[in-house]
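Before anything else, here is the set of structures, which you'll find just below.
One chain, chain A, appears in both complexes that follow, with chain B as partner in the first and chain C in the second.
The block that comes next holds the complex of A and B.
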């Protein structure tokens, strides 16, 4: 065990530092594209794009996705996928609003506990029972959406969070010009970077995703890692759901549809391989921002209808991933 | 991966049969329950309604099964349905059949884009088809200007609602598609190529198989089948509704494929099982609705059945 740790530490030593800074040359494509898009956006639209107000909106919009995509990065790095996050976001929001009648503590703990349990069940079915992640989390997607509708009385009841609740004030607070969810997302992201690059669990996540058999032979707790990444993903999504509910002061069972695909797209645009074992959280941050900045830019073009926005976003996703895979292939040769 | 010819031949033992037949068993149990406890279940009208409702999902799921067998996935099927639904009224002026042909061609075009991205640009199928999912739904809405278009064409109406010898046309179409896919996979060279490619791309390429052509073909087939489902849904409604037709059908189709016993790892496929998977999911929804249980209960029950079905089949995929 110690020999193995030494070996991984030695080989990952200098790389871990660069990984922390997300400037591995072969994965720098996304930050470069992001910078270009930001410059182009500022030059084209000037004040309406580069104003503090608009950038603050982009940050708030990105914060929920960043929370979800941080968990998704761990899951994808471990070689899995989590399709349940969109439904979990809705479930968490509904439970927050439902629990708010008993005060802030219940409004936060109830959704996190339920999301944690669903993440644990996902993880156990995948890590211990050996069922494919795609199928388990597809079932969880259905289950969580069903539960959200059941709590919301089939969508006939919208639970409201009282305006004078501490949670509402916390969720709608602004510190240093940025909304509270942005700070929560950045804190979770920073914690994620430390966990991924500086703990045994993080290194084991890379190892499991790279080769499960090799990780098993090295004596790593493969099953435990595969359980924990789904708990982490569900909990981070749960936090995002609490924050969405606090912002909107209500819990809607219909939100978050398709969010899982958006989060997966952000992670993949950020250079993390869907096959697992290689990727960075910094890339995910860049991927999240890139998606949200592009959406914002498309909104700035007033002449484009909402329908054309979808055409552009879809094409854009394909083009970015194409460019990036070309960059990665060339640099690593 | 361990899916050698020998392993496939050695399957018909009793345990293997029980595992493979899990979906049939579940359907039998649900049918028995409904016959015993659900009033008006065993009427011709109700059975016909259930079959007509499941037809689009079943057709899309057969195409999905072929894509999954190639170790891929097609998330864009719902948006492809929307494109075919949007194209249909635009060309109805030239006659019904030309309009239907163009709708199917549009589906083939989406499939060709997917297939090329996967085969030539070597993109991950889930990302390539996610891109077309988003882009094609937008394109369909652009084509239709975001509006629902009512259509009063007698031939189209007949396609959606008429029956031949008591069997609705859409159900006949499901049977034809299932039969053709089963023959293509189990009795034709195409099937052997497909399973070899899905089992191991590199090995298939080394064996001299046309890997890229096979990949493009399955995505085109999936696109055409999705477009067919789009035409059927539109015909049945008598209206083209590109904002809602086929929404989230990719999840139902993947569920049907998986519950029917096709592993997502590629190289193996069960065509009839996929049809049964679609029927099982429809039967669950119908049972829940006819017993006045809420829709949310149906979803949670479906989640449980997916896990149970795949858990039972787990041993087989390891053997």
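The block that comes next holds the complex of A and C.
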């Protein structure tokens, strides 16, 4: 029984704090860095950074990425990857604008239905047919981008959403000082937290990513979980696309390029293992905000071009993954 | 008599024309622990997969609680009350202990959301029932393997299992953890659960099991109460040797001091004298190797014998430097090596042909030429360029000497037969002109003709002064090929035979004796005499 007692003893004591910070970077690391960056930003740039207006812009900018990254978190936790979300964002936006000629309902349902179907096909090919997620969603990336351009007549036609449509007003509304998309993103995020942490589907998502074979042998519905995460990812991206279109009153087939990588970066910076099985949505939220705050800060420095944002994000990503792999190695030794 | 929990009625199963099981019967009664033993390829795994719904039989039927069943999926078998504990812990390491216990059937509240508080409380209660006190919120992977295995058992049982299938559950556990697990098995028996206990550790069979079934080559060769058999008879049955012949020596020779005397004598004065080319001292890698020592002289073939899981391959890998060791030292020509890894081994003149030809040996898409010269490339390279002419010389020589049947040196290795692939691997090591060759199962899976050729090749090489460490699960091969045989059990050397004492009988008796109660299971089994 010594092993058991040791196991219990090790969890208590002063090491608990160290563990929280280093052993579980997914729990604490990114929020701490985010807080430091926020403080540093406020001290350096004062009012121009810490103003309500600027923070509101950061929130709006983050909201689309948060929607996408929430779905991406489920996908990555299940041990997969979804490369199609950038293209889906564009397709959803184009379809929103295209459907707006038939009213708000069509403008919302058309893109969501199409995204849902594409997500379902992704999921079935991955979960049931057993094709690698990378390949399937790469194909979906090409497919969705192509479809977006086709609907927009090779980009020559920009479908405009009528200004008097309820959707337009919704997209540009502000409640309690924050733009509507921010509230939508927060609602979706909160729902995601509940689903991930408090439902059997959520727990199974972790288990499938942790060890698919074990999950199978434990009798979990592995295939169903793997299908559903891609549907979820596509639907959340679809919502983001509708909101982007509503905000800009138009659907552009060129938007969202590289967004899939940005979302993956946010999830991984948030401490989710790229191999799946461990991570939190809270971390993803912190990751999204961190990326967007850094972007904003670099914009504050007039002399730096926006491309330095990618330099910094890339560096962050490498550091986080390096820490992750070291921790994983320590755990498995 | 009560209805058997599981009644397997003459099932057969074949894969791609190969018969894995032929007419095997097995009945498993409530409240019994039934051992299933057999060597590699005997069909143990296939049988338990038939019972647990992974496979369906081609012939015969499986009855569960008296009713014929055909589970489509392991999930269905589990739902019906047949749970399986696998050799490797099959839980999700990054989830909590409680989460692992309840995955897929978490308690929920009125809103359909998981009630974690109740889940943790129930998990604590369940684990306490097995004497495990552990923080159920901890990640499973942070706990010892023994505790993990216990949690797997607890999960299996909390589904109200009537039948528990355990597939070598102790293979990765420390002795102390094994005790813990066996206590739980005893608890299961008291609760009238039927346990099918697959193992290759004979002392566990005698410690915990009521009945034992032996499979060999996909057939049932023995089933009966454990009390009515002996270790020797079990070993003989598993290996398919003549029990009568051994019985004539009398099973009483187990306790006969003559046997140990004999062994003491035989391990007295080494035949090969002088400094051994290769010497290993106290190789330890927990939990698979426990202080293995051996030496190989020039021109000597040393055999390693032992049952599956006794540490044969682990010894080979340790000697070659392929696995990290907890303790132990390697000496070449009497000089102790400081850093030991495969590259150092090769520089020191040690070559190894691994057990798993496909995974660790040949590179199927490369040509015969490339495969042979692979390890020798550094020696054939001048200023970064590889000399094609010298490559061809080497390849020609070995293809001729080893009689490798190839259409041309450029032929892809994948297209060769198993025997010829093995020869290519031998050639790869031989062109390094090694002084000791470690051969792990050199004739596994190759046809009879090629087998004889390789065996005589080994003798020829030894006659030329090469030292050979020969590992084989076929006793016959070890007995015929080796001048000296080390017998392994549970990762330790439990006996050494040389000269006339090397016989299949004798090896089996050493294996069986080593699992006797009289000896502590992990006795250091000090290498005697020549070591």
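Criterion: the second predicted complex is superposed on the first by the 280 of 333 C-alpha atoms of A that agree within 3 Å, B and C clash if a C-alpha of one lies under 4 Å from a C-alpha of the other, contacts with A are read in each partner's own complex, and residues count from 1 in each chain.
FYI, a residue touches a chain if its C-beta (ideal position, glycine included) is under 8 Å from a C-beta of that chain, and two chains touch if they have at least 3 such contacts.
Just so it is clear, the model here is predicted, and its values are computed rather than measured.
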{"item": "Which superposed partner A:207 touches (first chain B, second chain C, both, neither)", "value": "second"}
{"item": "First (chain B), second (chain C), both or neither touched by A:318", "value": "first"}
{"item": "Touching partner for A:194 - first (chain B), second (chain C), both, neither", "value": "second"}
{"item": "Chain A residues touched by each partner, larger count belonging to chain B or chain C", "value": "B"}
{"item": "Chain B versus chain C as contact partner of A:54, first or second or both or neither", "value": "neither"}
{"item": "Touching partner for A:172 - first (chain B), second (chain C), both, neither", "value": "neither"}
{"item": "Touching both chain B and chain C, residues of chain A", "value": "none"}
{"item": "Chain C contact footprint on chain A (complex, rising order)", "value": "1-5, 7-8, 11, 194, 197-200, 203-204, 206-207, 210-211, 213-220, 273, 277-278, 331-332"}
{"item": "Footprint of chain B on chain A - complex, ascending", "value": "81, 125, 129-132, 134-136, 138-143, 145-150, 154, 257, 261, 264-265, 268, 274, 305-315, 317-318, 321-322, 325"}
{"item": "For the chain C and chain A complex, residues of the former touching the latter", "value": "74-75, 78-79, 84, 86, 90-95, 99, 103-106, 108, 112-114, 116, 131-135, 138, 141-144, 146-147, 155, 176-177, 180"}
{"item": "List of chain B residues in touch with chain A within their complex", "value": "75, 117, 121-124, 126-128, 130-139, 141-142, 146, 248, 251, 254-255, 258, 263-265, 294-300, 302-304, 306-307, 310-311, 314, 318"}
